[in-house]
Every structure is written in C-alpha cells, then in structure tokens.
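Read the structure below first, then the notes.
Letters A, B, C, D and E mark the chains as written, and numbering starts fresh at 1 in each.
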Amino acid sequence: QAKEQFIGLPSYRVGAYAAGGSGLYGGWIDYMAMINERDGGVGGVKLTWEECETEYNNARGVECYERLKKKGSTGNSVFQPVSTGITYSLLDKVVADKIPMVTIGYGRTDAADGRVFPWVFPMITTYWSQATTMVKYIGAKEGGIDKLKGKKIVYLYHDSAFGKEGLTVLEKQAQKYGFSLVLLPVAHPGNEQQSQWLRIRQEKPDWVILWGWGVMNPTALKAAAKTGYPREKMVGVWWAGAEEDTVPAGDAAKGFTAAGFSVAGPNYPVIKAIQDNVYKKNKGNMEDKTRVGSVNYNRGVVHGIITVEAIRTAQAKFGKKPLSGDEMRWGFEHLDIDAKRLKDLGAEGFMPNLKITCADHEGSGLVKYQQWDGKQWKIVSDWIEPDREMVRGMIEESAAKYAKEKGITPRDCAKEG
Amino acid sequence: MFYREAGQFKTTYAADQQIFPIRQDRLGMLLLLAVAFFFVPALLSEYWLKAILIPFLIFSLAALGLNILTGYAGQLSLGSAAFMAVGAFASYNFMLRIDGMPILLAFIGGGVAAALVGIAFGLPSLRIKGFYLAVATLAAQFFIVWLLTKVGWFSDYSSSGVITAQDMEILGYRFVSPEAKYLLVLSIVVVLALLAKNMVRSSVGRAWMAVRDMDVAAEVIGIRIMHTKLLAFAVSSFYCGVAGALYAFAYLGTVEPEGFSLDLSFKILFMVIIGGVGSIAGAFLGAAFIVLLPIALDVVVQQWLSGLLAPSVSSNLQLIVFGGLIIFFLIVEPHGLARLWQIGKEKLRLWPFPH
Amino acid sequence: MNTPTLAAAPSAADSSSPAPGYLSINNIEVIYDHVILVLKGVSLAVPKGRIVALLGANGAGKSTTLKAISNLLHAERGDVTKGAIEFKGARIDQLTPSELVRRGVIQVMEGRHCFAHLTLEENLLTGAYTRGSARGEIRDSLERVYHYFPRLKQRRMTQAGYTSGGEQQMCAIGRALMAKPEMILLDEPSMGLAPQIVEEIFEIVRDLNRSEQVSFLLAEQNTMVALRYADFGYILENGRVVMEGEAADLSSNEDVKEFYLGLSAAGRKSFRDVKHYRRRKRWLS
Amino acid sequence: MQFFIEVLLGGLLSGVMYSFVALGFVLIYKASGVFNFAQGAMVFAAALSFVGFQNLGLSFPLALLAAFTTMVALGILTERVVLRPLVNQPPITLFMATIGLSYVIEGLAQGFWGANVRGLELGVDDVPVQWLMDSTGIGVSSFDLFGAGVAAVLVALLALFFQYTRIGRALRAVADDHQAALSIGIPLQTIWRIVWAVAGFVALVAGLIWGARNGVSFSLTFTALKALPVLILGGFTSIPGAIVGGLIIGSTEKLAEVYLGEYVGGGIDSWFPYMMALTFLLIRPEGLFGEKHIDRV
Amino acid sequence: MSGRTSGDVILDLQNISLRFGGVKALTDISFNVREHEIRAIIGPNGAGKSSMLNVINGVYHPQEGRIVFHGEERRKMEPHKAAAQGIARTFQNIALFKGMSVLDNIMTGRITKMHASFLEQAIHFGRARREELEHRQKVEEVIDFLEIQHIRKTPVGRLPYGLQKRVELARALAAEPTMLLLDEPMAGMNVEEKQDMCRFILDVNDQFGTTIVLIEHDMGVVMDISDRVVVLDYGKKIGDGTPDEVRSNPEVISAYLGVSH
C-alpha cells in the first residue's frame, strides 16, 4: 500500500471569493508539492490532496466535508474550511468523525479553549487577539498606550458575524484604555460607503479601524481619499491586508496599514524553495506567477507549513505512516514551532512561532503590521503580543458557556500527557 | 404500451379524484416511498444521507413552499431564504426559551412565525405585480437578514450571530445518526408534500391558480383576491419556515443569518423553475437537479480534469456549465422537468405509435 | 369543376391546380409540443389575386394552418413536421416571420393581439415597420386605414389595451394593412365586429383584391359572408381537408348549407327552434 | 445644514451611479419584457475585459473599442443562444434564463481574464473639488461630477436613439407581445441584437465608472442589486425613470443611513432602498414613470 | 317570440354614467332586466356594451346612477360580492385560467359555494372531501349539459377558440347563477356551433329559470332568442324593446343594423 497522507482541501475559486482563494490555495498546494518534490513527502509519506469547490457556501462546505471525509487510506486527516460559516457548521461533525479542524485566522474564537473544543484549532491568532494588537499598534503610533486616553477611534465594519467579531473586545479595550469607539457598520457587500465616510468626516476620529472584507476594503480606501481622511490613520484587519484589497484602490491605498499573521514578499527561503522545487519543474499551482509571494499566497504557505509540521509532530509519536485524524489531532495539539524550527523551515520572520497545548489551541496570537506603499506591502512592526489576559479570559468565559449549553464536560488538561 | 390508462375505468368521482388516478402512478409512488423509507437508509452511505439526501429533502420542501407561491399563486418572490431564516431562528428560540418544548412543535412554531412574516410582506402583492413585486420581496430578504443580525435577542446574544441548533428529541429518542435524521426529515417532508398536494387539488389550489392566471377574472368569479394571495404567502412561508428549521436542526446544526442569502433564494427559485412551475413533483425534481448538478460537476472536474486544467479554469468551467445547463433546460422545456416527465408519459401512452 | 370534390387529403391538392408560383401548401403535418398532432396532411393553394376561404368547425386546424404558413408556430412550440409550403415558387418554411412580411405575406392573428400599451395609432404605425418608406407614404396609408375604420381615428390616442373588443379587431386588421402586403392571412376577421363593420371589412378585402391584386386566405366562421366574397373554399375537419370547391358551388352544397350556413330545405331555421339531434355530416360517416 | 447638503449632494451623485446600471436593465426590459438579471455580470465582464485588454498593452481607446466589441459579440451571442429559442415564453422563464446567463458570463470572464482584482484609471481624480470645498466647506468629488456628466450624455443619447428611430416604437411592441410583433414583421432577432449590444455598451460605461470608483473585481456584479430599487422606483420601462429613481434612492439612502442609521444600529442601506421603493410602489404600482399595467376584462 | 311572460324586475339600472378620463363610455343609461328573461344588449363597436356588463357586476364603478339588484341598491361593489349574489358571466376576450384543465376551470366556478377551510382541504378529509365530491358531481352535470366530456382533462390553453368559449360558459353555469351575463358568447363560431350555443342558453333559461343578459353581434341570434333588446350607441341608449320593435326603430337601423333584418 502506498504511503500517502490524504488532505482534503475545500476551496473556493469562483465568484467574489476567487481573487483571494486562488492565491491562498496556490500557496498551500505549492508548499505541499514542494515537500513532496524536495523531501519525498513527510517522513517518506507522500502528501496527496483533493480540492472541493465550496463557493464559500456553508451547505456546499458541509457536502465537501462529507465527500472528502473517507478519502485516502486513513480518511481525511485534517479539515481547514477557510470560512467561518463552514467552521460553525462542522463543529459537531468533526467531533463525531474524529477529524481535527484547523482554522487559521478565522472561525470560532472561543474554540481556542482546547478543553472544550478538543478538535478545533483556531491557530496562530484569533480575531480577538488581533483586535487587541490593533489597539497596541495604534497606541505605539500615538507614542505609548496611555496616550490613547481621550482619543477617538472609528470601527468601520462589515455588518455581519465577521464584522461583529471585533466589537466586544474593542469595547473592552476602549474601557481599559479610555478611548472612545464609534461604530459604523457597512452593509454587505460594501460597495457604497458615502454615508459612513460623511459621518467619519464629521466625527474627525484619530484612527479608523477597517474591519472589512472584499470590495468593502478598496471602497473604503477610495472613500477615505475622497473625504480627505489620511490613509496612514487607517488600520485594517488581515482580511483587508492583501494586494487584492489595495490594488483596486490605486493611489488611494498608499499609506494604509493592515494586520497579518504572515507577511508579504517572496524573499524568504521557504518561498525560494518553492520556486526551485516546484515552479522550476513547471508544477506550480499559480497561473499568474507574479503573485507568488503575495499576502494571500504566503497565507496559503503558512497553512501548508502548519499542516506539514503537525504531520511531522504526529509521526514522531505514531511512526512514519499515514496518520488517522485522531493521530493528527495529537500532532496539532503538540505542535511547537519555535524560532529554531522556523529558521529550519526557512520561515524566519515569515510567520510567528507558536506552541499549542491542550488548553490553548491558539498558539502565540502574534500579529505583524504591514503598510502599503503604493506598490507592495512593507513590514512596519514587529510581532505584536495580544492582550493575552483579556482575550484568554473572554475565550474561557465564552467556551464555558458553550460547554454548558451543549452539556460538554471540559477536559482536564492536567491529566493529559 | 406499458403506460396505459385504458381498461382502468373509474366508476365514481372519488376514484377519479384520487391523488394518483392512474394505477401505474399509484404503484410507482408506493414503490418510491418504500425505497425511500426502507432501502435508502439501509443501503446508502453516510455521505449520501448527510450530504445529499437530507439537504435535497430540505430544499425540496423550500422549493415546494415557493412553488405554492410562485408556481400556483403566481406571485414571484425572491425572499424565500429569508423566510427560511425566520423559521430557523424562530424554532431555535422556541426551543431555547420554552422548557420542554417538543421539537416538532418548535418546527411548526417556526413555520407559523415565518407564515406571519410572510403575510406581512405579502400585503404589497395586493397592489404590486410581476417583477415589481419580485424586487419588492427583496425588501423582505434584506430586511429580515439585517434584523436577525442586528437584534442580538434572536441569536441569544451570541457574539458572532451564529446559533447552534438544539438536539432533536422526540419521546425520548434522540435523532443523532444520519439515518435517524434522514428518516425524520423524510417523514416531515412527505407529510407536508401530501398536504400541499391536497391543497393544490382542492378549491384553495384552484383559487391560487385562478389568481395566477387572471386575477380580474378570478375576482369576477367570486374569488377573494386578498384572502387568496395572503393565504398563498402564509402557506408558502410556512413551508419555507419549516424547511429553514430543518436546515438548521437536521442539516447544518449551526446557522447564521447571512447563510440565508439572496443566493439561496435564487437557488430555490431555480429549483421551482427548472423543476416545473406549478407542480409538486417539480419541486422535488428541481431540488434534485440544483443540489446534485454542482456536486456532480465538481466531482467530475476534480476527478478527471484536475490535472488537465488550471484550477481557476476548472472551477469557472463548473459555473459556466451550470449556467449553461440551466439555460439549456429552460429552452428544452420552459415548463420544467415535471413537464418533460409528463410528455414522456404521454409518449409512453402512445408508444409504439408516434402520435 | 362544377361540384365540390369530396376527397380526403392529401389527394385533395392534386385535383386543384394552383396558379403556379403562388402560395401553395403541400401535405403538411403539424405537431404541437412534440406530441399533439393537429394537421394530418393539409394541402391547399391560393392563386394570385384570389380570395380563398378556409372553413371548418372549431378546432379543425384553421388557425394552425395559417400560423404554419406565417411561421408563427414556433412561438407556440408547434412544428411543421412534414410537407412543404411555397410562396412564389420558393420554399418559405424556414423563413422568419419578418422575412415573410418583407416578402409580402402577413397574418392577422386570431384574438386580436394588439400591443396593449401602445396607442391605437402607434399600433398602426408599428404595422409599417418593414416598409421603411418615407413618412409621407406611411401617413397616407394611415389615413387610408382611418378612412376604412373611422372609429379608430376617434380613439387613436387611446392605449389599445383600453379599447373595446371590436376596436381592437379593427386595429389588428388595420395594422396588417399598414404593411402593404400582397398576401394576407386573415384569421377570423369578423370576430366581435358589428354586422355593418363585418360587411365593410369584406368590402375592404374585395377592394384590395380588385384594385391592388392582394390575395387573401381567410379562416372564417361566418361562412355566409365568407363564401359570398371568396372565390374558392376549403373545408377543414379534424386536421384534414374534407371538401373544396368554387365558392358558389360550396354554397349550394347541401351539407355546407345545413352545417355552415344554417339553411335547410325550408330556409333559415330560427335559432330558437334548432332541435337537439341533427343529421350527421356525410363526410364523417 | 451644511452637513445635510453635503449628505444630500453625495447621495444624489451616488444615485447617478446606480442609474448607470439601472439603465441597462431598462433598455432590455423595454425591448423584450425580459428582466435581465445578467446586467450586473455584464458590467463586470465589460470592465474586466477593458482592463484585461489594457493589460495586454492596448491603449485606452483601443482597449475601449476591444471591450465594446466583446460586449457586442456577447449581446449577439445571447440573442442567438438564449433569447431566440425562448421567444414568447413566460417572462419568469426568461428571467431565470438570464440568471443562468449571469453564471455563464461570470465564469467566462473570470476564467478568461483570471480572478485577480485590478485597478482602473480613467484619469479623473476621486477627490473633493477644491474651490467648492474652500468656499462652502462642502465636499463634492470631481469624479462623481464627472460620472453625473457622463450619465447625462448617455441618457440624452439613448433618449434620442429611441425617439428618432422607429425601433423605439417597435421595442415597446415587442415587450407587449412577442408573437404579435413577429406577425407584423418586426425582426425580433435584429432588434434584440441591437438592444443587447446597446445594453452591453451601457454596461461598459457603468463598468468603467464603477471600476474606477471601487476597482475591478467580482463585486461589480453586486452593483445590480443597487440598481434594482432604482429600477422599480423609476419604472421598468422608463429611461428618465432610471435617472430620477437613482437620484431619489441615492439621496434618501444616504440621508437615512446618516440620520436614522444611528438609532437602529446602522447598516440599513442594504434594505432601506428596497423598503423605500416598496412604499412608493404602494402608491404607484408601476413606479414613477413606468407603464401602467393594463388589466381588463 | 317576445310573447313569453317574464317576471318582476330584478335588476334596475338608473341613469348610469361611466367615464374613463375624457372618454364617456356610458351616458345616462337606464334599463331594467326582468326575472327569467333573455335580455340582449346590442350596438356598434365601442358603444359601451361590455362596459355595461362590467358595471353590473362591479368591475367598473359608474360615476353616476343607481343599480338596484333584487330590490337592493348598490353603487360601488366588489366583483366577488356580485358573484356571491348570484351573478356570473363570461368575457368577450376569453378569460379562462390558461394553466388549468377544463375540469379545474369549471370547478372554480363553484368556489363561492365551497366552505371547507384550507386546513381541512390540506388533510382532504371530512367536509373538504365531501364537498369536493359533491361539487364535482354538479360540475359533471354542467359538463354533460354542454357536451364537453371528452375534453375534461385537457388544459384549456390547448383548446380551439370555440371550445374555450363553451368552457367559459360552463364555468359560469357551474356557479348556478340567478343572472348570467354573456359577452359575445358566439363570436368565432360557425352556424352549427351557434345553434348549439343557442340551445344551451335557451335550456339554461328554461330549465333553471336563469335570467340572461346577452351581448351579441349576430342579429339572427339576437332577434331569435331574446325577449327584449337594449340598443346602445356611443354610450347612449337609442332603443329598448322587443326584437320586433327594435328592428323597426329607424334610429337603430341607421346606427347599427344598416339594413333591417
């Protein structure tokens, strides 16, 4: 029997989601292809994968999950929906099927509490962590977090579950640091923001947090230019921080800063490795090769790295063979990508280090900030620590509520190996 | 030659007014039900039950609802997904807020809530017609989704607006396994489909069709237009509401308001049109078509074409083929798959003679 | 040919010799919706400059025949599956209706079909669409139609949807005249018109026929009038031509008299006194 | 007060943007009674083709021409493949067919040009007009003014086209009754080709303007949703209606979001225009300038 | 012919005027209809005949005038109320429900007489089922009466014009009306079919005592079967009386008949 590790890839490459999706899945697949090409797989086990088009639609996502579940010799060993909606729809199913679900930079935030959500891994960082780093970043720009007192920040958000994620944390942060928060929702899809920006002009905020998605982002940047609001005073969520968000806005985007759990740029050894082992052999997934190294592409590479590292970790315990979902879960839960490992991977500075534990499925929560200079994203900050205390508190509270609702008894991590 | 009415003489009107007056149809239906209830859960894999048949049944129910409104009563609506949302959120809240609420009652409650909302948004139909009405129903679509997102109470103040459906339990039995869920959904859908069939072949149904075909004449005959249209909105929304509740409880488990988007409304409308306007069977055929086609296309593309075509091309190819097939079917038979089936039967009746 | 022939189609076509090169239909078969066979081999001919009447009971297939000629069947999911239709020696089965109109064949459809949102005058003007001639000429035609139907002139600015049934019928006929056709397929022109107008319409038909050599194929239920004005007639039953002949001969045929003219040996019977059971038509027995 | 005027002006101008898309709908509806849901996809395809051609190295006018040709070809193809076989079918069937068409167009456009989002420059800055800003403190974007100007020209052209060609009248005839229009020799096919080509042109203009505003991405298809309330408010069949409807929707939507939004939690412009239009319709069921529905026995 | 005795006046129209914008469709028209009679309305095209029927059953609301039906005055009423009071009609432009079968079309005629709620109908049990069968029985009687058994299950859209007219009559008859308004029921029929129609109308009139108001352009039919005739021209009444009186009325001859019949 061939030694193959199957990975199901629910993807979206049509419609409004295509722009981001093609980059992300490109990076992810290229990384795995590179591992196969360069290393002959992980520990001698080849990686195989199959895409399944979800159109970013919950129902289609569930179908993909079910379709991919039994594929490969050990079944699908990890599911990464890249859609918060699909994540929610699968919360119960992955438990029953024993398949770990990894949600990097989206999904259900309180699932970071591994005691209640053993099968879910909202890794690297979550929306709540991100929101606190935004406040920290703005504070630093203002010359110290204490300078935030009396400042006014507009929270311009996509009027949806996604947009509302940042709300509670920011409100708490506003209380903690004494700034005032003005909430301006934008109706989906957000291609008209005249009224919001007139309000912003009236409010004259010190900063604008752009918690947008899709066309809402370039539209906001354009509208900011139109109202004369400085882009340098706008901080975006990571889903507003890719080339797809700034390029359409043209010059209007210059100066805009956005968060990221990975960074842009092709000048990392890991990207080089992909170029050498994959593109040189004409096996790359990207049709437009100039996009290798773009934000979404690199995000995809991060997905690949984490998946592969989990396999490696699990192989160390269970042996170099195709792993089941259960074994993979162990791998994720014991994932420890430290600075040294990052360096070995050629991803130093490319993504933050992270260590997953039984209780903490988030990892480091680190976020970096990049600024658009009109041509490309430039890194403008170091990895910023979230307000761990506040975020972890909220996560535990929320998870506890969920556990109660669902009648789940949280695991006792002290007892686990 | 196989499909003949000849020799089947009906001596009473009762016999002629059965749901399926022709014996072959009757037998066929019984067979179909037997297969659906006994063989399908025993033979088909979990994937088929969970990922295909359950959503197929739920969408059939929604399409049935819309078909009552659009197909039978002639009121074009683009808001069915919103009524599904009302049903889902209402059932959730019934379960949440009333202790010991039986699940079936919660579903009915969800349907009734949707029906009430449906009546409210149906009121304009008394004056507004055709595409004007269709666009106006978008008001319902967007308003309801907005309201569910905005008012935390509906989602029990969950930070993301997502609700997690409670477990389904009837008389102490918990519906957890795919087979159990499938059978529950199937039973509900079969019962509701039967009720719908009865309605459309009785005087309410005739009143709906009369209003659809020519409302001025209908009124002259003595049909109360307002009553008839609002009833259509109510019944239709009820069906959509129950479908929404099942969508949340028996299929996805968790839903968010945005999940009930305009896209979903369009999908349901497609099912109605492709399946056959004004046909109960059409709702099922249409749902099967619209649920299965994209999956089939994706499977084909992923299995056989994934290496050959660039990924973005193959994904877009699916979209093109999907749209193209819809157009193709509309051209082949504007009255839908149900009509195609009927014509097939007519041909069978004549067979082996061409006419 | 002195007595009308009693023949089953398709041989019917053989016995009459249409003026070569004008409208002739040869043994056509029409099927609706892929399953409903309506015309079962109909042949007929309209010689140039003649008025031919197409008679027959409800559902005989008169309208279908006309629509087959004018190629409007497609719009109702009907198909000519057999046979040929020729106009001036050329096959016309594959032409679009608009090309047909340009060649001079126009149909006045049964059931009026006026453009409800256009005023009567606009309705008439759309009739001249294919002509593309100078405004002045079109104005003249318009005046002529108004001359035929003064009622239309009175109501010319009313949207057709709001006019009475008869006014719409006049509008439909007038609209076709605006195209200056050489061959008109008239489907039940007299329907819903007051008696004097019916006479007037047929006078117009005769007038156009005499002065401008326009040929007519008319499907008409008012057999009395139709046969008075037509030169030749066909009787259609159940999708087949069952009888044909010179108009004068047809009107003296006993069957035609009884079934289509309501005349019996004793003269016209009062509608009050028609009895229930009637003699069956000879050709059906 | 000044703020009010600013909101109002901004609303009026963005209303004009909606009108662009609504115009395309009106054209096709007028000509065939078809509610063309693919208009949004056409806007997207037009803009994407234009940018695509530019990226291939074509100059602005050449790219414009190439994009226009593409749209005309698309129109002709649509007539042949979709409309012709569906002549005389119920409007809802045609409506569904156009939704199917929109999938095809979206798939074709993205498959062909790729899914990348792109910027589009028309050379008009989207910044406040300075002298107006200085003298009154009211910010009005020069780009929006430019858009309004284009809209005015477009509407005038279309109005002339329909007024002074016999096609105008024929179009209305076709919309009323396909079969009768055929019977009197109106060449449906030609007319539909022309109209779809013109609608393609309008889509191109809309695509350029919207693309320059928000970038060229799939979301251009969503502009269709913005146009719908405009359409029913103005009336499906009226070109001026599309403009007036746009102005009304644009301004009230902005005023509502700014002055009402606060109290209900904001984000109301997803549904407010529809509710507005709905209320209007209750008074005039055929929209402001639409043709009255004739219902008679 | 006109010698038949008719009953009391059941419908009395007094000084009816109806305008559409500038168009005067009806001007100051008065006439009455007696129980059990066949009352014809004739007149040139656009005279206002159909409008008159529309006034009687409430589709149009006249600006002036009184309508007294069964001794009850009403100015404005909804058509469905007229139906409930026993007024049924057919239409000049066939107004059948195109998507339904002949049987269903005729069944709609009985809708005012069916009382089961939609829930009962959904379950199709008890009253709903009983009603459905009872009314089907009645409808079948109408179908037999009009001799359209063979097309019972055909969708009406597929029927030829003449049969559609007959189905429309069946639908009206199914309502068991006390007053039947017929708008050109014989348009588009040949003599044979007209004879059938006449027989149906006379039979209904005889057997059920239904009062009939009839618009028709075929003078032969009108003169033969009607008891009294109203003549309209340009919205004005120019004659009223027995067929014999009307046909010798010079004003009627010049406005409508042309030659005396």
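As a convention for this text, a contact is a pair of C-beta atoms (placed from the backbone, for glycine too) under 8 Å apart; a residue touches a chain by one contact, two chains touch by 3 or more.
Bear in mind the structure is a predicted one, so any value in this text is a computation, not a measurement.
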Item to complete: Go through the assembly and pull out the chains touching subunit C as well as subunit D.
Response: B, E
Worksheet item: What chain lies farthest away from subunit E once each centre is taken as the mean of the Cα atoms?
Response: A
Item to complete: Can you check how far apart subunit B and subunit E are, centre to centre, with Cα atoms defining each centre and the answer in Å?
Response: 41
Worksheet item: Which whole number of Å gives the spacing of the CA centres of subunit A and subunit E?
Response: 73
Practice prompt. Take the average of all CA coordinates in subunit B, do the same for subunit D, and state the distance between these two points in whole angstrom.
Written response: 32
Worksheet item: Which whole number of Å gives the spacing of the CA centres of subunit C and subunit E?
Response: 29
Discussion item. Give me the residue numbers in subunit D that touch at least two other chains, ranges are fine.
Written reply: 106-107, 110, 114-115, 265, 267-268, 270-271, 296-297
Practice prompt. Give the residues of subunit A that touch two or more other chains, as numbers and ranges in rising order.
Written response: 13-15, 18, 22, 159, 187-188, 287
Item to complete: Would you pick out the residues of subunit B that each touch at least 2 other chains?
Response: 146, 149, 216-217, 220, 312, 316, 318-319
Worksheet item: Chain pairs in touch?
Response: A-B, A-D, B-C, B-D, B-E, C-D, C-E, D-E
Fill in: For the subunit C and subunit D complex, residues of the former touching the latter
70, 72, 74-76, 96-102, 106-109, 113-118, 122-123, 125-127, 129-130, 132, 159, 161-162, 175-176, 179
Fill in: Contact set on subunit B toward subunit E in their complex
13-14, 16-17, 195-196, 198-199, 202-207, 209-210, 212-214, 216-225, 231, 235, 278
Item to complete: Would you tell me which residues of subunit E are touching subunit D in their complex?
Response: 54, 59, 91-93, 95
Worksheet item: Which of the residues in subunit D end up touching subunit E in this complex?
Response: 296-297
Discussion item. Applying the document's contact rule, which stretches of subunit C touch subunit E when the two form their complex?
Written reply: 32, 36, 55-60, 63, 110-112, 151, 155, 158, 162-167, 169-170, 188, 191-199, 221-224, 259-262, 268, 270-272, 274, 276, 278
